[in-house]
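Letters are used for the chains, namely A, B, C and D, taken in the order the chains are written, and counting of residues starts over at 1 for each.
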Amino acid sequence: MTSGGDSPGMNAAIRSVVRTCAYHNVECVGIYRGYEGMMEGDFKSMDARSVKDIINKGGTVLKSARSKEFRTSEGRAIAHQKLKEANIEALVVIGGDGTFNGGLVFNQEYNFPVIGIPGTIDNDIFGTTHTLGFDTALNTVVGCIDKIRDTASSHNRLFFVEVMGRDVGHIALNAGVGAGAEEILIPEENMGLERLLESLQRSKRSGKSSSIVVVAEGDKIGKNVFELKDYVEANLDEYDVRVSVLGHMQRGGSPSCFDRVLASRMGVKAVESLLEGKTNYMVGLINDKVTLTPLEQAVKGKSQIDRELLRVSEIMST
Amino acid sequence: MTSGGDSPGMNAAIRSVVRTCAYHNVECVGIYRGYEGMMEGDFKSMDARSVKDIINKGGTVLKSARSKEFRTSEGRAIAHQKLKEANIEALVVIGGDGTFNGGLVFNQEYNFPVIGIPGTIDNDIFGTTHTLGFDTALNTVVGCIDKIRDTASSHNRLFFVEVMGRDVGHIALNAGVGAGAEEILIPEENMGLERLLESLQRSKRSGKSSSIVVVAEGDKIGKNVFELKDYVEANLDEYDVRVSVLGHMQRGGSPSCFDRVLASRMGVKAVESLLEGKTNYMVGLINDKVTLTPLEQAVKGKSQIDRELLRVSEIMST
Amino acid sequence: MTSGGDSPGMNAAIRSVVRTCAYHNVECVGIYRGYEGMMEGDFKSMDARSVKDIINKGGTVLKSARSKEFRTSEGRAIAHQKLKEANIEALVVIGGDGTFNGGLVFNQEYNFPVIGIPGTIDNDIFGTTHTLGFDTALNTVVGCIDKIRDTASSHNRLFFVEVMGRDVGHIALNAGVGAGAEEILIPEENMGLERLLESLQRSKRSGKSSSIVVVAEGDKIGKNVFELKDYVEANLDEYDVRVSVLGHMQRGGSPSCFDRVLASRMGVKAVESLLEGKTNYMVGLINDKVTLTPLEQAVKGKSQIDRELLRVSEIMST
Amino acid sequence: MTSGGDSPGMNAAIRSVVRTCAYHNVECVGIYRGYEGMMEGDFKSMDARSVKDIINKGGTVLKSARSKEFRTSEGRAIAHQKLKEANIEALVVIGGDGTFNGGLVFNQEYNFPVIGIPGTIDNDIFGTTHTLGFDTALNTVVGCIDKIRDTASSHNRLFFVEVMGRDVGHIALNAGVGAGAEEILIPEENMGLERLLESLQRSKRSGKSSSIVVVAEGDKIGKNVFELKDYVEANLDEYDVRVSVLGHMQRGGSPSCFDRVLASRMGVKAVESLLEGKTNYMVGLINDKVTLTPLEQAVKGKSQIDRELLRVSEIMST
């Protein structure tokens, strides 16, 4: 089952779960449209061949949805009934915080075995250094900014590029360093408008003729990317400022090799952990090893930004 | 010289102009930042080796700019003086309408030989079926919409995707057909809001669970893409509507093979036409042949949308 | 039906044929694995929704095959029987020379309406300036050579890159110009080993530190790419020579926007021509218009290399 | 200085070293063509602006070479003399085993401070989980195999795809899992020809119509990829077998975000370690942290294949 926002690598994870079941001669059923489909009994039996040629596809063949009804105990009762009718005995849920929360509550009420696989481009899950889709999204963002830089350099322009990340700056920070951005604005740090102006002025003086500023949606300064543009234009008239909001394309695309391999590893671990009788865990990557973290910690914990990388970013914009 | 908005393929054209000069033992000088640099005498002598490894780069190594001063006769007098001082005897100008207009006026005043090469992603130049950068931009747009469709399909969503094209719908129409868009809104046709709603409803009934509508910046309905979203959400509550504005990345990126080959052909034709004593022409592609069109016609004529393709688009969204 | 070597854009053409049928309320049946599947009655009814999400996929959802049996009159008799049983009244065949030949013979024997769509990366069909997949293959090849050039430049190496094209040099010539190759060896021109050596020596003297030579499979010199390497190494010891054979990846990949649009246009024309009672034509692109050419001419005619482009190539390697 | 085989991310590492020097007000000199250029005094002073716009470029702007002369003590004496004359006081060497060995010997003879950064696509260096270029090469390989699969699926073919890795199977194993290969042949494991045949037969019986086998150059079975093809064709006549050798394109291309970020982090660590008086270390990534490993260990140690991933690979080909 996939739920919440989709991310590249979800299909690779579905494939892995299905094939690991086949390998261990366990029957596997796909649940469509997350908890919504679970309550409707929108199930489909899946064997090794039914996940053919999906490892390289973005999105999720099981579709995804957000469900309000599942947050009610009535909704969950219906879902439980449907699962029982279909002889489903354990769940692998692929998604983010909300998805795991749903699984956790469901487990507490019905003692139903659940293992989570973190699938979201935001990388905002505690208990894993990488969520599925994060690496792909970084490559997508960096590819877009490379294109924007072509035109920025040709015209000596300043670009504010907004990337996803309402609460966490992982995408902005990593893609910003990867794209050689002059400044990176993230939710975790309040750079302040004054310092931004100073930095841009210093950048100009040091001989840079064009600049890219990467801004996370939830940037701490609290101004959106268009307000930032207006502010800078009002205060730095030597700059011709433009804005680009990358938007939903960040969620799509063929997954990177990293995300496909990670998804394959996580799917194996998820199924084999359930077969060993484990429940209420999330499969994560810690120190390059696929590791279990209690779902409760995964949901409550907070993923931290890499402080060292912030410093690298500052040095790189010398 | 490159001027106006930059486009992928400009570097390939610069390389071609420089190498064709070298081939014919003609000295070649690059002018930086368009007419602005011309007035400042920002020139650089270029030989075959100075355009090494640029054929695959987006943007323009000669930089680009828009110049107000060159629109005055004083500005043009200074430019003419600078060209004379540098022993420059003829101009190849790469850009769009504005660039050609500048060249035309300059020629009329100083009888200075000028040949234009159409470089703009918008494909809005009369006298050529393809401008440099158009093909690359189409691939960029289609690549982005492919990614957006991944997430649209996973969530059963309707996306409005805004692409470049303030006055002409070439990008929207071609990329819309290429991306399999359900509807395409362009400046040349007023589809009307009512018909859009009907079409989306029909699309829903016919079993489509997600839809992409491609909207040119200058869409004739006259609402911007966010207003369209609000309108559709207010009138079709079964749709979860999102907006994506592709923006400046459409101007950048490594040029497609088509644009590189076209640029190479146009550069040869431009230089050899000047050597044959021709002036005031634009090099264009007509019926797959590199052909000269009088600059004046190129500036005054209007590039037409392909009506047959509009019809194809309608059939494809069956 | 798709037959022969597959090419990017075949799926887009299938989609277009199916949707144009749906648009005109004509029933449409897909034939799997070309003439092979035709003789086995491997058919599937297709409606507008069954070609969902395939426009951007390489390969062909109908699979392809080469059939020996169909070349016998017994084989064709069986095929005709199967078509009759399935109430199929006309054929759209997507493929190359061999595919069209099959269709032509079949038509002569059974007076069965046939329209061809040229799908092959080689661009070796008379009656169209572009076959489906050619543009995509060019971008694939140029992308690969761009990567090879990175390492060639870093090491001052000479690379021979073999691309597809046993009988025609379209891919080699266009991709060679697009990739900025120093030399291009094609089946249509015998450059001679002596001239190749001279050219490489001149290239070295002119200050080039690395070089790419693009070689079509069927290069006229008559040595394969490994023999060329040995010859050059034996005669030019200043070069460190490497070989890269691009191979089958040239046939795959998501089609370019150009190929998707062309496929969409051709599919419409093919179906509507059949509905108008036309038969034995190939749909092609001539002077940017979708045009019919008698199948017999398409099969017998020979697609010509662009001589002007050969000259451009020579000038570019100055 | 970059030396040995080039890899994507080397330019990003050069940029990082140069900018970190600028940040700490340390003078920085680039050495061209590795140890070869060192002995020739082919140096160039570099400041923060001289590494502009290279973070996204493949290859190395400092060029690379392999030097025989530097392996002699006379060669190293000359190199030392040149470094002294240029007032160079410490070295950052970017490359693989051979590069580090050179640096180590040089340090032992002249007590010259050296820090290594692992740059090679093969990932065969002890003391780091990822070398620069490995992640990019994986994405390149997976992208190529995705294309090959398009055509393999369309024709029900078996493809042997040879990837780089003479002594280690990292690329084959990771890209093989990422590309969904049916079998993966690596130098570390002798699968045996018999087991390969059985596996392919089982694969066919289980309903797979096409298959990809990824083969590392140094595969343990000891047959090259063309011999494997012949063997399988001779023993499994139901398969139409093809070969694709990916070759040098694996070394090139714009680096992935991962490689750019890693290069930026490693460059900072390398320079700051030298400034702290450290020498004879390699900067590596261990447990996601940038860490120092003694160069001697890096050279002597052996990078191990991930056994867990071998098992995942087997499960995935169910």
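Some points to look at:
Here is the rule we go by: a contact is a pair of C-beta atoms (placed from the backbone, for glycine too) under 8 Å apart; a residue touches a chain by one contact, two chains touch by 3 or more.
Here is each chain with its UniProt name: A, B, C, D = ATP-dependent 6-phosphofructokinase.
For clarity, every value in this text was computed on a predicted model and none was experimentally measured.
Comparing mean CA positions across the assembly, the chain most remote from chain D is B. Between the Cα centres of chain A and chain C there is a gap of 39 Å. Computed centre separation for the pair chain A/chain D is 28 angstrom, with centres defined by C-alpha atoms.
Across the assembly, chain A contributes residues 146, 149, 153 that each touch 2 or more other chains. Taken chain by chain, the contacts form a single closed ring in which each chain touches exactly two others.
Residues of chain A touching chain D in their complex: 15-16, 19-20, 22-23, 48-49, 52-53, 55-56, 129, 135, 138-139, 141-142, 146, 149, 153, 174-175, 177-180, 206-208, 254, 256-258, 260-261, 264-265, 268, 287-288, 290, 308-309, 311-312, 315-316, 318.
Those residues of chain B lying in contact with chain A across their complex are 2, 5-6, 8, 57-60, 63-65, 140, 144, 146-156, 159, 242-245, 247-253.
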